[in-house]
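Structures follow.
Common to both upcoming complexes is subunit A, partnered first by subunit B, then by subunit C.
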Partner chain A sequence: MSTKVVIKQSTYFDSVSLMSLSTKANQIEGVEQAVIAMGTDMNKEVLKNVGLLTPELEAAKTSDLMIVVKAATDELCESALIAIEELFKKKGGSKSATEIKYSTIDSAAASIPEANLAVISVNGAFAAREARKALENDLHVMLFSDNVSIEEEIALKQFAHEKGLLMMGPDCGTAIIGNVALCFGNAVRKGNIGIVGASGTGSQEVSVRIHDFGGGITQLIGTGGRDLSEQVGGIMMLDGIKALEEDEATKVIVLISKPPAASVQEKVLAQVKSCKKPVVVYFIGGEETPVLEAGGHFAKTSKEAAIKAVVLAGANEDELNKRALNWPLIEEVRAKLTPEQKYVRGLFCGGTLCDEAMYLAMDKYEDVYSNIQKKADYKLKNIHESKAHTFLDMGDDDFTNGKPHPMIDPSTRIARFLEEAKDPSVGVILMDFILGFGSHEDPVGVMLPAILEAKANAAKEGRHLEILGYVLGTDLDTPNFDEQVKKLMDAGVTIASSSTNAGLLAREFVAKGE
Partner chain B sequence: MSKINELFNGKIHAINVGIEFFKDDIIKQNANASHLDWKPPGGGKPELINALDKLENAAVAEKIAAANKLAVERIINSQPMLVGFDQAINVVPGMTKTTILHAGPPITWDKMCGSMKGAVTGAIVFEGLAKDIEEAEQVAASGAITFSPCHEHNCVGSMAGVTSASMFMHVVKNKTYGNVAYTNLSEQMAKILRMGANDESVIARLNWMRDVLGPMLRDAMKIAGEIDLRLMLAQALHMGDECHNRNNAGTSLLIQALTPYILETDFTKEQKREVFDFVASSDYFSGPTWMALCKCALDAAHGIENSTIVTTMARNGVEFGIRVSGMAGNTWFTGPAQKVIGPMFAGYKPEDSGLDIGDSAITETYGIGGFAMAAAPAIVALVGGTVEEAIGFSTTMKEITTAENPNVTIPLLDFQGVATGIDIRQVIQTGILPIINTAIAHKDAGIGMIGAGITYPPMEAFEKALLAVTETISQ
Partner chain C sequence: MYIQALSGDAGFLERLARSNFSGTVHSTFERTINLKCSENGELYTIGNHQLDNAPNTLIIDVKGFSELGLPVNTPVITEDGTLVIGADLRIWIQQAAKWEGVLPSYPCDIEAVEVLRRNVAFTKNYVDEYGKTGGMKMSSQPASPFEKEMSRMLIQRAGMLSNDLANKRIESATQHAISLIGLGPGLTPSGDDFLVGLCSVYKMQNISSCLSCPFFDEIVRSSQALTNEISAITLKKAAHGQVRESLNDLLSCMISGSLEELVPALDKIIRIGSSSGTDILLGILCGLERNLEAGGNVCLPKS
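And now, the complex of A and B:
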């Protein structure tokens, strides 16, 4: 056993710092006992108790720093002393300037007076409470969380309405406010078209198409999918229309929703009627007459909604590249498919994209099944088994319960795709790939191996499998739109230029004997 | 312009709660976003969330806000003055020759931890109620001694908090509200009674404190009249103390104020010299003084109907107890005392430590100590080692407190006041516990202090308090 002593004269350290150093010194490899302390009587007493007090230490003054190391060998003592010297050297600039962390909306709002919006994505059980606190603090709310009860939604929206605040959501995935996309959204040009959307991917699609047609967005207000239900009564859509009407930059307003409850549709159209700005109404699967009667502009598809909006906003319709349906392509694909390959299988991340494709198929066929079908007879009893034409919203709760959304975790969709690809009655599989803020960093890339595998298997069986892809995104988005499209095309996937065209192409590819 | 249109035209500054990359995406788009360090309120326990909801009912919340405003005003406006020193038997309410006060919530002899037992037996010997420690144990167990929490006698006691009849006490009077608080004298550091040591050297020191130090301070204060402690506390913080574990500046200020009067007392030069040497032997001399100040201010805020402000945090080495203003009297809410994590004296290991003990958390209850770590960069080793972390602790505490005390400020934080008025609702809401920096006593009797570090109260105590307060207030 060896003991080494170092005394540094007139070197002061606070006792707490020294305790901390001692603790670290005792953890040095090979150290039996280490004491780093000022030469006070009390510390000498401690050294005496542990049998380390030498005459040299006894002579140390209160202002002297004592370093004592006990280890198995001289070498270990020496190396420990070197390690102790290192402990005294402070690594400066340890961290960047402290960013104050707030734990509650109350304290953040109180300390950040310029805060004007809360984006809330906590578990649904706690979400309404946080949203209420945000509204109490005069913050507009983007409530991404789902599993918030309809009673809570109504209470929050009424409260927001009284305070003149936006209450987007619950279950609101998309908004663009002041050219800032919140949660999921695409990078679209600034312009003069305002959107109020009760459906997330539908709103994304319309904003992207507007950008594609050369137009731009002022605001995109998401309302959450239940806003136009009987119970909620369209509180946020009505407030949204009003706000866009008052917004000087907005020239045209676009409304997007699944078909609203009848009484709510009446309220919304009444507001459309009194609105001084042109309003394009795209209620998926909705009827034209009431919209026209209200003086609105009816759109049957998302693409039509975007075209009408940009034209109303000042674009020259004749100069638009409307990306007409490619009929020669349709003929070509039809020729490749066998008579048995009758069905479309749509596997979607985007709920509205699924809805639009499904409604377009329903215009042509009877037997269109889905997990989100309104018609009870055609709602899939077993979501894990497709029937005839099947369109699946894989972002719906049926699929996501306890699992991440397919936009984030593609594994469920990959498995389902491989199943569908084996079915000889399937002519075309339609899939969406959503780019932009909040999306997967490479949505095409994660699907690609499965696509190649399915294609190869079908070829082995002498069967053509048509895979139709739609990439929702703009040239400004991340990941890069062109690269994503190229990857799909290189894998032999046919690309649709819009959600609408995707639905139309899919249904036409499998049409027989016309 | 409507609020929605203001939003359209203004610059987005979002508060993001939940998925963090939403914040990153907003920042990428050249807007501002602040991400909350959010946890489910009440740890996600439905009964606690229900309770919080009940307390957020507008009418109830208003009552609480008014009560809490009054409570923190009383804490902040309290002006505790040191007015004297005297023996406990002469001044402490309810004190008898066979009473022993202890730290923390009520506890019986059989349940006391090692260091408290050590201190109790030492005190019994010191008071002449037993001839040695062995006999003292029998006396303690016999039922002849009345054990009672310091807090229930307007007192606070460091570590084991053991206070007996003939010990000298600080007498601190609230100039604003008139109430009085007491605490005994610092024995300085290491092998001392309040840390559980009780050998002859410890008893000898207590005797000297009773016969020389105490009377000298008593006589000095008779001449001095009063000393404004709050002013001195504010100064000490500016000089780099947080006034729980670092008392270098405060001790200098206090002895500086007392010295002229000590010199005027009738004690011998040698005795005066002893006193000055004693004070110089450690920097902890003023430690208990601040505790009495804090107790004096907080007692003035106790018993305000509907208030959710914490007026006491104290530990007996087994249990941690809190009292809440709205629950008048001695209603304790308890949970298990926690380990204290921090640097230790050479030769001791974490397994030697006793659990968190002492009434000294009264300093954190007032807003200094762990709450004011940013004022004391010299001892940041206690809280992890960096000044940033120390600042972080001081600013984080604002999340669970109601006000900042403008009379006690921290230079490093642009002279912001210390976080004051712990609100049990905010503790449950945020999941943030008050940080306490404190000494570590050995787990066994007879050894004493072996280190210092940080600890937290058990959440359980706050949970129980919230549920009880909710029931009381909603009625």
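And now, the complex of A and C:
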């Protein structure tokens, strides 16, 4: 008979795992007895009683795991210990066995010759270098990393353009390629509409609305937020339009961006003019005339962009449920608000959603402030203090410097929400809740205690606090869209059916004397 | 990564709110991670939503811990009332519900004692039927001579402890209690689990057969040397009358609950660990039976 011992120092496995391992170890062929137990004095006493105690085991500490195997031969003991070690590895390993890690892009590209796209999310200091390596390996790139200089961005995009590759980003958070959402994105139906978007949540919103109106997506190409700046010159939006024009499955193209630099808009619209496919242009706050002159289809809102796209793609407009604005609801809410409750406070995770609601408010009111206002007079000087109508993009660097994005860590938004809710001049607080890949697993749930608290406090003061929520997601998303909406409704939150309607409802709720 | 704390031990939450906690990750499991506090050397636990509240424990909204990949010795600090583990994981506690576990009082009238007597008898049968073997409850077919011998020693030592308690031989009872510490399979050895159950009974208010402080003090002292740190902190807390929420609930059910209420409470305990829940239940049964036998006497509060 042979006995072999292994001591694993300071090793803890939960009781169920230990018992399961012990049982399996005793079933290994050739093993007469196997013991897996913590190295306490009392357990050593048991080992002594059954004749298995060795000097090595005597020295084990209470935090050590003792493994003892008794078998007919040394070889059988050794092979049993190897088998036990395998059992430990299986227990400890939580990753999928099919997941393979590569330490460099070169080795990954060499090992997966059929790969054609790399998603890069590394420290900004190394991001451009990795992106270049990927392009050199003939891989399209989605560059999630930010803190990449504009010079590096231009160089990468020019290099990609020369090679006929897509260079999405830097700071590109959303793309849907081949029906797979990359980074932040929603589960949307496959269809015949292609999107090129310079804004992440704007692209998410349009893709979700297209899904809602019965349409579907071929590709959603993200460009990164700086693409339509004067310096970059829209290299990726131009290449994106070209790629979708050449894609047989794409029948309609939608462009989304914050207002581009004038010269870049000219270039983009020139390409729209020459494009053989219908192009819907949604440049937030943009003008209609130049788009129409270029033969494009102008959309003033994200919802209008989606409706126009699905109709151009073949849907019967008369059969669409366009989710008209609920005017009886607006009257009902207006009646609940006091004359001094005249302001909207918008607290957004999505930058484009914030922008859209802000522009809709600006159509009606003068005093609309924001941390992302283009009008200098209305740009908040102190982002921690709201003024009149205030719309905050809480995902902007102002708020996220050194902190996670509010789509991941909602603590900053919760604190700001509780502050806004105390203000007696506030009529409605508008918030977005973004579902889908990459987002918080329960964006509504983490906000609910604060919502209930704010509502209760307002009620104590005899004040109605209107909270308007918009859940950006589809019926295919995780977490479940209906459950998220229900949680909000159960907490007394009014639900808007789109980003556009959220902005319109908010501005109308607080309108006075109409 | 941000994670919401759902609830937590009131003392632990207060400590975090005062930003008065720093330490390292001591050990990690799928449903819990343990943190070693550098201020007092105690272990604190972060558990996922499947676990119940417990002393020194914070329950957070996470499915499992393995995917977080937190290695042992990762530094832990508090910052603005947020628990920060390593570089990426931040646990936000502001919305967490405070939990304070309180053991129920031992019944003091005849009718209530009869309810307890009925529930103890039912629980004994229930453990016989549904309790898990491998620890205090010996399997009819032990997997190995080691398991057989271990169960034999556990049963023998618990029996001697029970006998001493029945005969008020406290010094001897203390020695037999110590002989159980660290004895048994699993991360929390069966002997420790048995003592957790036993202590929870003897720490109830108005307990009829009182145990003196040195008994508990000796358990706490000996556990430092005789068992691992994770089990030792559980024993220490139990010796001070602090046990997990499901155990408080079970004892409340044992004292005043109907059989319909008792069954789910028992099932919840039996599901703890491998044989841990069953071992705890056997400790509770031992304590309650000794007290039912002793009857009548009420321990006077210490001056």
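A few remarks follow.
Keep in mind that, in the parts below, the second predicted complex is superposed on the first by the 413 of 514 C-alpha atoms of A that agree within 3 Å, B and C clash if a C-alpha of one lies under 4 Å from a C-alpha of the other, contacts with A are read in each partner's own complex, and residues count from 1 in each chain.
Here, a contact is a pair of C-beta atoms (placed from the backbone, for glycine too) under 8 Å apart; a residue touches a chain by one contact, two chains touch by 3 or more.
The structure displayed is predicted, hence computed values, not measured ones.
Contact comparison for subunit A: of subunit B and subunit C, B touches the greater number of residues.
In the superposition on chain A, contact of A:33 is made with both subunit B and subunit C. By the touch criterion defined above, A:437 lies against subunit B but remains apart from subunit C after alignment on the C-alpha atoms of chain A. Touch criterion met: A:409 reaches subunit C, while subunit B stays clear of it. Once the two complexes are overlaid on the shared chain, A:449 sits against subunit C while remaining clear of subunit B. With both structures placed on the common chain, the touch criterion links A:307 to neither subunit B nor subunit C.
Once the two complexes are laid over each other on the shared chain, residue contacts for A:62 go to subunit C alone; subunit B is not touched. By the touch criterion stated above, A:368 is placed in contact with neither subunit B nor subunit C. By the document's definition of touching, neither partner reaches A:167: not subunit B, not subunit C. In the superposition on chain A, A:81 makes contact with neither subunit B nor subunit C. With the contact threshold set out at the top, residues 14, 16, 19-20, 22-23, 26, 33-35, 37, 42, 46-47, 49-50, 94 of subunit A are in contact with subunit B in one structure and with subunit C in the other. For subunit A in complex with subunit B, the touching residues are 14, 16-17, 19-20, 22-23, 26, 33-37, 42, 46-47, 49-50, 94-95, 98, 100-105, 107-109, 112, 114-123, 125-126, 129-130, 134, 138-140, 142, 144-145, 163-166, 177-183, 218-219, 239, 243, 246-247, 249, 437-438.
Interface of subunit B with subunit A (complex): residues 1-19, 21-23, 25-26, 28-34, 36-41, 44, 49, 53, 189-190, 245-246, 281-282, 342-347, 378-379, 381-382, 385-386, 388, 391-392, 395-396, 398-399, 426, 429-432, 451-452.
Here subunit C touches subunit A in the complex through residues 1-2, 4, 27, 29-32, 61, 64, 66-67, 72, 82, 90, 92, 94-95, 134, 143-147, 149-150, 153, 179-189, 191, 225-230, 273-276, going by the rule given at the top. For subunit A in complex with subunit C, the residues that touch the partner chain are 10, 12-16, 18-20, 22-23, 26, 33-35, 37-38, 40-43, 45-47, 49-50, 52, 62-63, 94, 404, 408-411, 414, 440, 442, 445-446, 449-450.
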